[in-house]
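One chain, subunit A, links the two complexes that follow: it is found with subunit B in the first and with subunit C in the second.
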Partner chain A sequence: MKVGELTITELGQRLAFGGVDLHVGPIIVRLKTRIASLVENFATLYADYPIDTRTGLADIRVTIDRPKSLRRYLWPLSVFKLEGRQCFEPFALSKAFAMFEWGLNWSVMNDVHWMLNIHSAVVERNGFCAILPAPPGSGKSTLCAALVNRGWRLFSDEMALIQPIDGRIRPMPRPINLKNNAIELMRSYAPDAVFGPLFEYTQKGAVRHMRPPIDSVERMHETALPSWVIFPRYEKDSPPKLTHYSKAQTLIRLAQNAFNYSILRKVGFDTLATLMDRCDCYEFVYSNLDDAVETFNNLKPTEAAGAVSP
Partner chain B sequence: MKDASFIPGRLLIDLLADPRKVAGVSLRDWDRLVPLARWVRLLGRLRAGAIDTGVYPDLDGHVRNILDSSWTVAQDQNALMAWEVSRVRDALRGMDVPIVLLKGAAYMLSGLPPARGRFASDLDIMVPIDRITEVEARMTEKGYSTFVHDPYDDHYYRRWMHELPPMVHRRRTTVIDVHHTILPRTTRINLDPRKLFERAVDIPGQGVKRLCDEDLILHSAAHLFCEGEFDLAIRDLCDMNDLFAHFADQKGFGGALLARAQELDLLGPLFYAQRYTHHFFATRHDTPAPQPSAWCVKLMDSLVHRAAIPARPNESTSARRLAAWGLFMRGHFIKMPLPLLAMHLTVKSWLRFTHFVQRLFEKKPQDA
Partner chain C sequence: MALSPSQNPIPWVAAPDRKLTWRTWDEAETVVYDPGSGDTHVLDPISALVLERLEHQPMTRDALFEEVGRELGVDVDATLRGHVDKTLEDFDDLGLIAQGEA
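And then the complex of A and B:
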């Protein structure tokens, strides 16, 4: 059953009592909440996601509710709890969904260590993944959003989850988190996409979530091998420039961008080393999204990632 | 649907007693078990049990992923702890002071069974009391400092406790407790820490020591039954149970343990350690410690049988909470003479109250 098959009342009831177990790629997230705005935003952005009814075992248990303290009568707030423990300062009640998204990233980062988790966007086409690691503000999410609206499959706009055992990447498609200028840009670039509400004045400025394409959600269990690591950088008025980048440097930058590289220790290093053997590494400067998508469409998969040479 | 009589704490104890049973746990039961086992830091331990008994490959892939995550974190923490031990050893080099590792670090570096999948939180070390000022000065010089800044808490540690206020290195995260004995200074138990140092043994290749075999068990027992912190009781009982089983093969160990308990004035804690490892894990003890008065034991039974069954705060029953509170008070009563205890609790409540009042008037949190 999908989230979108429930009426908003049914969904609200389930979220309030017992919670909803949601398949999000390789993990099951249990969300409990009584906050109406969160139910509504959740219904919009997670409409295509399957609800788990068979497994019964959640990986991450999130409760978001109004705090019990007296303060609730003065300022409407919402509190994020992971396994019953409060993890952050409360958010404004109206921004509960934004907190859910950040909190979920944080929870995966904290609790899921059977995969190497690198801070980066991942997209796939014809069975090959491109990993786009980049610091916040480099246009990673924007480029990722553009690509998935032009035929690439969304794995994640936030984390690359690599299985140490075979080096394959697990998709964890989630709503794409667009910030500030990227919001209007994407609205005109992908006019048919579904967007959540605009959250203004968050820590990261204005934030708006874009619903992932249904194909990406339906294929959330289909893994793929990585073929490219590309460090994107938006530069005003620049023509698209794709330049080869050293694998040694790439490995170090990925290690620095990984959430659990140091926790995984040798496994972390081995996984990255295998990744480097498979991938071609580039730096990519762009200003125009159509040009960028074209550059990506022209990428040739590596033989090490399984491409058959002509 | 949910079975009201299902108590995850009981299931966890069952699985610790017989790890082969993890293969038969349903996914729905795992769903209640995982948060609890994580809470009492025994999830890695469950995985170790499953590996040892060979049932790990039969587990559901989803369960294995969760166990593996926990295991990975435990392994990393152990590696960090081993590194910290080497840093402390180097910091104190040349002082000719014995460094005795306690609890988790000792189990790990000696390769003792409780170390498997154990979440070591803090690094506990012990040095002789007449050297502790020097040790603290040297550690401070080498970049360690305390993060206890409340003057009352600092005073509490130094004046009454068996350890310095916890320290941490400015560039690392492992918290270090530097002890000078294994029980608070104020305790009623008459234990001479010099005896612990006399029989401490070298950990090969590490340049540090650990307590002798008997004292490992006695320390764990004293910690659980004389300090009153019962949140992780099941973990402590599990540790002791592993140690009992591990040393049981040594000829005459039971007798030596009993004699040592007598020598250190820890017969009471040993009695309870034997009693409750038997109760929860069905461990047989051939040389039982002498029983304290019958009504004492009865009272303890009624408290421990409830309080030691692990539960997360939201799943705890009021009977369990009351029992845990009783044991907490008992622990404090053993820890401190009554007038001192009364003063300590009054000061603590007052500080908590003023803190609460301060928080009431705190300004609105940053709107995120």
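And then the complex of A and C:
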């Protein structure tokens, strides 16, 4: 059963009583909430996601509700709890969905250590993944959103989850988090895409989520090998420029961008080293999204990632 | 004038307890993982050569100058000595090498 097959009333009842166990790639997330706006936003942005009705087991259990204190009568707030523990300061009630998304990222970063987790977008085409690590403000999510609206499959706009045992990447497609100028840019670039509400005045400015393409959600259990690591950087008026980058320096930058490299220790190093064996590494400067997509479409997969020579 | 640690004639040797893991790409890009500290280091070709030689046997700095010069096919001059001395100091600070017999 998918979230979108429930009426909003049925979904609200499930979320309020017992919660909904949602398949999000390799993990099952249980969400409980009685907040009407969160139910509504969740219904929109997670409509294509399957609900787990068989196991009753969830990897991450999240509750978001109004605080019990008297403050709630003065300020409409929401509280994020992981495994029953409050993790952050209360958030504006109207922005509960944004808090769910950030809190879920935080939960995965802190709890999922059976895979190497790198702060990065990941997209896939023809069976090969491109990893796009970059700091906030570099245009990573915007480029990722453009690519998945032009034929690439969304693995994640936030984290690359790499299995140490075979180096394959696990998809964890979630709504793409667009910020500030990227919001209007993407609304005109992908007019058919479904967007959630606009959350203004957050710590990261204005935020709006884009629903992932249905194909990415339906293939959330289909892993792929990485073939490229590309550090993107938006630069006004720049032509697209793809420059080879050192594998050793790439490994160091990925280690610095990984949430659990120091926890996995040698397993983390071996996973990154194998990734470098498979991938071509680049720095990429761009300003125009169509040019950027064309550059990505022209990438040749490496033989080390399984590509067959012509 | 006292000799700095790197100039001391006592041989250098790779720390035997570190069990470094090496990876090299294109014969020029090397990274090593140090399980003792959990740190990962990028090595330039000269640094990689110095550490690799010291993993195999203790060597004095003079012997390392000769070895690096021979491997690179260059004269042992002040620039090469300076680079090797700085490499030895850095590795010493990181605990990757020490002075004395293995």
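Keep this in mind: the second predicted complex is superposed on the first by the 310 of 310 C-alpha atoms of A that agree within 3 Å, B and C clash if a C-alpha of one lies under 4 Å from a C-alpha of the other, contacts with A are read in each partner's own complex, and residues count from 1 in each chain.
Here is the rule we use: a residue touches a chain if its C-beta (ideal position, glycine included) is under 8 Å from a C-beta of that chain, and two chains touch if they have at least 3 such contacts.
As the structure is a computational prediction, the values presented were derived from the model and not from experiment.
Asker: Would you check which partner chain A:59 touches, where first means subunit B only, second means subunit C only, and both and neither mean what they say?
Answerer: First partner only.
Asker: In the overlay, answer first, second, both or neither for which of subunit B and subunit C A:5 touches.
Answerer: In the superposed model, A:5 contacts neither subunit B nor subunit C.
Asker: On the A-aligned overlay, A:75 touches which partner chain: subunit B = first, subunit C = second, or both, or neither?
Answerer: Only subunit B; A:75 stays clear of subunit C.
Asker: For A:265, is the partner it touches subunit B (first), subunit C (second), both, or none of the two (neither)?
Answerer: In the superposition, A:265 touches subunit B and subunit C alike.
Asker: Let me test your reading of the model: by the given contact rule, A:114 touches which partner, first (subunit B), second (subunit C), both or neither?
Answerer: In the superposition, A:114 contacts subunit B only.
Asker: Comparing subunit C with subunit B, which touches more residues belonging to subunit A?
Answerer: B
Asker: Looking at A:92, would you say it contacts subunit B, subunit C, both, or neither? Reply first, second, both or neither.
Answerer: first
Asker: Is A:235 touching anything from subunit B or subunit C once the two structures are fitted on A? First, second, both or neither.
Answerer: It touches nothing on subunit B or subunit C.
Asker: Where on subunit A do the contacts with subunit B and the contacts with subunit C coincide?
Answerer: Correct list for subunit A: 262, 265.
Asker: Flag every residue of subunit A that touches subunit B in the complex, lowest number first.
Answerer: Residues 26, 28, 55-59, 61, 70, 74-75, 77, 83-84, 88-92, 95, 99, 111-114, 201-203, 260, 262-265, 267.
Asker: Under the stated contact criterion, what part of subunit B meets subunit A in this complex?
Answerer: 26-28, 30-31, 34-35, 38-39, 60, 62-66, 68-70, 72-73, 75-76, 79, 312-314, 360, 364-368
Asker: Enumerate the contact residues on subunit C facing subunit A in the complex.
Answerer: These residues of subunit C touch subunit A: 21, 23, 25-26, 29-31, 33, 35, 38, 40, 42-43.
Asker: Subunit C touches which residues of subunit A in the complex?
Answerer: 246-249, 251-252, 255, 262, 265-266, 269-270, 273, 276-277
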